[in-house]
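The following blocks contain the structures, represented as structure tokens.
In the two assemblies presented below, subunit A is common to both, partnered first by subunit B and then by subunit C.
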Partner chain A sequence: MTRDGLVFVALVVGVLLASIWSLSAGAVAIEWSVIANTLFDLDGPKQDYIILKSRLPRTVLALLTGASLALSGAIVQALLRNPLASPKIIGINSGAALGVCLMVLLLPSVSLAYLPIAAIAGGILAATIIYIGADLRGASPARLVLVGIAVGFLCDAGVDFILVTSSDAQFSAPLIWLTGSLWARGWTHLGLVWPWLLVCIAIALSLFYRLDLLRLGPQTASGLGENVRAARLSLMILAVLLAALSVSVVGVLGFVGLIAPHIARTVLGGGHARLLPCAMLIGMGLVVWADAIGRAIAPPIEVSAGIVTALLGAPFFVMIMITTQRKIRA
Partner chain B sequence: MQIRRTFLTTFASLALGAAMPSWADSITHEMGVTDVPDTPERIVVLEFSYVDALASLGVAPVGIADDNNRDRIIPAYTDVIGDEWVSVGTRKTPSLEVIASLQPDLIIVDLTRHEAAYDTLSEIAPTIVLDSLGGDYFAALEQMEVIGAALGRADEAAVRVATHKAVMDDYAAQIAEVSDGVVAQFGVTNATGLWLHSPMSYNGSLLEMFGFSSTMTPGEGEVYETNYVPTTLEQLSVVDPDILILGKYADPAFTDGWVGEPLYENLKSVSNGAVHTVTAHNWSRLRGLLAAELMAQDLIAIMSQAGATN
Partner chain C sequence: MMQFRASGGVRWPRLSLLILACCLCAYASITTGGRGDVGFWDLFARDTLAASVMWDIRLPRTVVAMCIGVNLGLAGLILQAVTRNPLASPAILGVNQGAALGLVFGLVFAPVSNALGLQTLAIVGAFTAGFITFAIAGGLGGRLDGLRLVLGGVAVGAFAYAMVRFTFTLEDDLSRQVLRWTVGSITDVRWDDVKLIVVWAGGGLIATAFIAQRLNLMALGEASSAGLGADPRMTLLMGAFVAAVLTGTSVAVAGPIAFVGLVVPHVCRMLIGPDHRRLVFVVPIIGATLMMAADGVSKWLTAPIEIPVGVVVALIGAPFFLCQALFADDIE
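Right, the complex of A and B next:
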């Protein structure tokens, strides 16, 4: 088997192990036999609620959002030809966060069930402003990054202003969401997003050749017959949808979109035919591990998955950077 | 009334067959109407004020969101409910798994904190939602009656509230001698700031009931939008209460850093020696009948101290 093949087998096994562990990790210790009984409807003691209604939907949701955030990050990095880019650059996190805060502040009587809609609206609005702002003189990657950072800071300032000036208790629920958590997420939340996410994931995976073309730079890409502007716009819309839909259910899980494509690139190089599925698997594993660790680390306290991804992801990320540097020098 | 209800329940269970559980009460709460079992026995509560309500009725919950810190359930409660409860984690994000593993037949949750989890909690057990965090003292009394009804102990709850009101009236009469025309303000301070509890808050409404005034007036055309108002030294000097009651979560607290500053030393409460420290946990996190009685006792101690120095 080739090295790439081995990497993929290892990743798939890793994601499977993470998912299985995620079903067993949590505040209530459940024996493996009980988990098996519940999952496969065998005779014997079962734990229907905890396994089927709590841990299983959380695990599936973690797999799906992890995949989406990683793909969104990979697309944005290729689009902007910038390894520091992530869905945050195109305004998703900050725009969604501002949308949520504004909804809680201005429409306090509206049920929190509409929070995902406010998040999607905020994210898409911020992304639109960024694209229009950058497109005024042709959306070059550098302009997208600069306008994205500016709009992002503007939204962040709005969020900070709202959180600091109104210390009202009504913000305790959105705060959990702002750290990116799968707490109290179930099949209903999954039901709202899975068809859309699956479609977006499939489209993203099939567009690897466009990302390869854009990576060559706009002149080379258009020289090869690519309509750069149209490709950029459609890919950006795809990245926005992937990230905004994920953020709407699990909150601001910031780090995955930056780190997953990076790890994939260090392991398999920049060709998107391999990079996209590899980044996707890494994102899936990362979010499943983060959620399971957050549940298992100090039960019955739940640590937000967003905190765990940043806490564990950052040192891992630095380690990868250091080791690849060594390889290049050697 | 009781006899008639028992009769109806018996009739209903005969009609439906003895194997059916008897869903006697439909409880109307902040997020709808929930059918709860006749007398729930395994109750999980996700706010301290519901521990207060259960303790007031002599009922022990099986699970409490005690922030994973059993000391947060004070002796006034453990004297009644014992210490057999299981911690279900923080009030912000309680562990749904632990709640499910307790196999509760009633869950009582807070509107602000747990609205987003209502559907998920309802899958575990009948769940009722009350506005504890955003509610004042009088709301806490009403919630006591809702909880009484949910526990199938509406009559006991009514009696308990009546006794409580009598006790509070007695305290109020003692405090009224000194509270007329006096501005009293409660605030919580930690290492980073001071938060005044507005007249809309639980403590604010209680101080008002005892006859104290408040100078936390909303500006022109404004209404109070929040219960807990972050306050700087300058803002405090505008409120300038006669009596300042502080709950300190940190030592030294943020307000301790103001000692020596002219603006602080010139506050009426500071120059008159009328700054009093109370247990922050009891005053700011606890709400309910027992908590209100504890607060009243603290106030009487404060007033007698003030009387002694004058």
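Right, the complex of A and C next:
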């Protein structure tokens, strides 16, 4: 077996182990044998309610959102050709969160099914502002990242404003998950997004060759027959869809879109045919693990997965910054 | 020669306009509040409930808003000067969040009850966060990179912010205050808090005035600064220390209020130019004006509910930051 094959096998095993741990960890710790009994309907002690109603949908949701955030990050990094970029850093996640908040605020009677649409609208709006804004000044990667940070701050301010001005606790409490938590997510939330997410993930995985072309730079890519503008636009929309859909169900989970593609690139190199699935698996494992550790660290209190990913991701971000700086200087 | 003439009498009308604006905002801050029937003149009433509302609730709040404007404005001025980066400010460099983390550590893990101990922890947190951001941006090697400074600050801020939220998750009693610690609020301040901050605001102003000339020399570049007899490393250290004290003390009273430190120095530079010896006296006026106006708005906008003042400031400051990110020239 080749080295790449080994890496993939290891990753799949890792994701499976993390998922099992996620099913067992929490306020009520559950034995692995009980999990097996429940999942496969065997004889013996079971925990139907906790596992099937609470932890299983949560784990599946974590797997899906982890995959989509990681792919979104990989696409954004390839488009901007900047290892420090991610949907969170350039403000897309915050835009989606603002979209969700605005919808709940302005149209409280509309059903939850429209949350993903509101998130996508917010994400697209943020991305448009970032792109136009950066384009005004020649769209250098540095400018783009900076404008993205600013747009993110702006959307965060809007979200904070909506959260604190809603005097109604009934209203603001459900919005707390916007800060990145899988708490109380169930089958209904999964039902909202899984078809869309699966389609987007499949499209993203199949577009690896476009990303490879774009990574060569705009001149080379168009020389090789690629319509750079169209490819960039469609990929950007795909990245926004992936990020916004996951924000609409689990809130802003920072740094997953940053870490996963970066680790994948370090392990398997820059070719997107292997990088994308590898990043996807790492993202899945990361979110499942972050959610599980948040439940396991001090039961019965739950620490949001968003806090765990931020605590892990911020130092990681700094590390990437310092190492890329060394490379540039050398 | 221009400078000399410019600092003459011509400036007085503008300065008096600023002071007038400041007084108006103070008036706006002090007359708005939950009880609409209580107004300015109740300050001079004797022993009535209305007078008590003015003296015990509104006046300390207005004074604290003023002091925080002074503190954060000056901290932003110093940070922008020593890093020579127009985007530097306590919130963007992670200094605010670092101070909040230091303070929360004091509240939760080491039960420090006296105010001075808490303030010290906040100052230490602010200084540490600023130092880490500076080191990440390559400042220790003498090559401070503008974009890396902002990115590093965002990372340090995100980390400290996540730690603050993590700590609050574990500590149920404190978690109701979480908004105060993430956006900044002065709803519950009393005279005790005023005592804590007013001394530092005054001391910080004097200290900043003393290093104003050094900050001017920083603008010429490190080599020129050294050539003119002001060691840039010394300036940096002094500036960072004063900025950490100013930020830490204001965070200890009101939580991390963002963007005041970014907006105020820019507005002042637009008004009176880049000379820090004059900026140091105008920044506090504009900072206080902005904060008192924001305080008034926070009480008035969604009355009878009060919004944390940090949210109001963020709604003003974030678009400003966006403009800066779009139009500032020396970033790339």
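Operating definition for what follows: the second predicted complex is superposed on the first by the 246 of 330 C-alpha atoms of A that agree within 3 Å, B and C clash if a C-alpha of one lies under 4 Å from a C-alpha of the other, contacts with A are read in each partner's own complex, and residues count from 1 in each chain.
Convention: a residue touches a chain if its C-beta (ideal position, glycine included) is under 8 Å from a C-beta of that chain, and two chains touch if they have at least 3 such contacts.
This one's a predicted model, so the numbers in the text were calculated from it and none came from an experiment.
Participant: Have a look at where A:K53 lands relative to subunit B and subunit C in the superposition and call it first, second, both or neither.
Facilitator: first
Participant: In the overlay, answer first, second, both or neither for which of subunit B and subunit C A:G254 touches.
Facilitator: In the superposition, A:G254 contacts subunit C only.
Participant: More residues of subunit A are touched by which partner: subunit B or subunit C?
Facilitator: Touched residues of subunit A are more numerous for C.
Participant: In the overlay, answer first, second, both or neither for which of subunit B and subunit C A:F161 touches.
Facilitator: Second partner only.
Participant: Quick check on the superposed pair: does A:P83 touch subunit B, subunit C, both, or neither? Answer first, second, both or neither.
Facilitator: Neither partner.
Participant: Let me test your reading of the model: by the given contact rule, A:F317 touches which partner, first (subunit B), second (subunit C), both or neither?
Facilitator: second
Participant: According to the stated criteria, A:V147 is in contact with first (subunit B), second (subunit C), both, or neither; which is it?
Facilitator: Only subunit C is touched by A:V147; subunit B is not.
Participant: After the superposition on A, what does A:I301 contact: first (subunit B), second (subunit C), both or neither?
Facilitator: both
Participant: What residues on subunit A does subunit C touch that subunit B touches too?
Facilitator: In the superposed arrangement, which is not itself an observed complex, subunit A uses residues 164, 167, 298, 301-302, 304 for both subunit B and subunit C.
Participant: Going by the contact rule set out above, which residues of subunit C touch subunit A in the complex?
Facilitator: It comes out as residues 87, 136, 138, 145, 147-148, 150-152, 154-156, 158-159, 161-163, 165-166, 169-170, 172, 179, 182-183, 258, 302, 305, 307-308, 310-311, 314-315, 317-319, 321-322, 324-327, 331-332.
Participant: Please name which positions on subunit A make contact with subunit B in the complex.
Facilitator: Those residues of subunit A that touch subunit B are 26-28, 49-50, 53-55, 111-113, 115, 164, 166-170, 172-173, 176-177, 181, 183-186, 188, 295, 298-302, 304.
Participant: Applying the document's contact rule, which stretches of subunit B touch subunit A when the two form their complex?
Facilitator: 68, 87-90, 92-98, 100-101, 112-113, 115-117, 119-121, 123-124, 133-134, 195, 225-230
Participant: Over in the complex, which subunit A residues touch subunit C? Could you list them?
Facilitator: Touching subunit C: residues 84, 89, 133, 136-137, 140, 142-143, 145-147, 149-151, 153-154, 156-158, 160-161, 163-165, 167, 179, 254-255, 298, 301-304, 306-307, 310-311, 313-315, 317-318, 321-322, 325 of subunit A.
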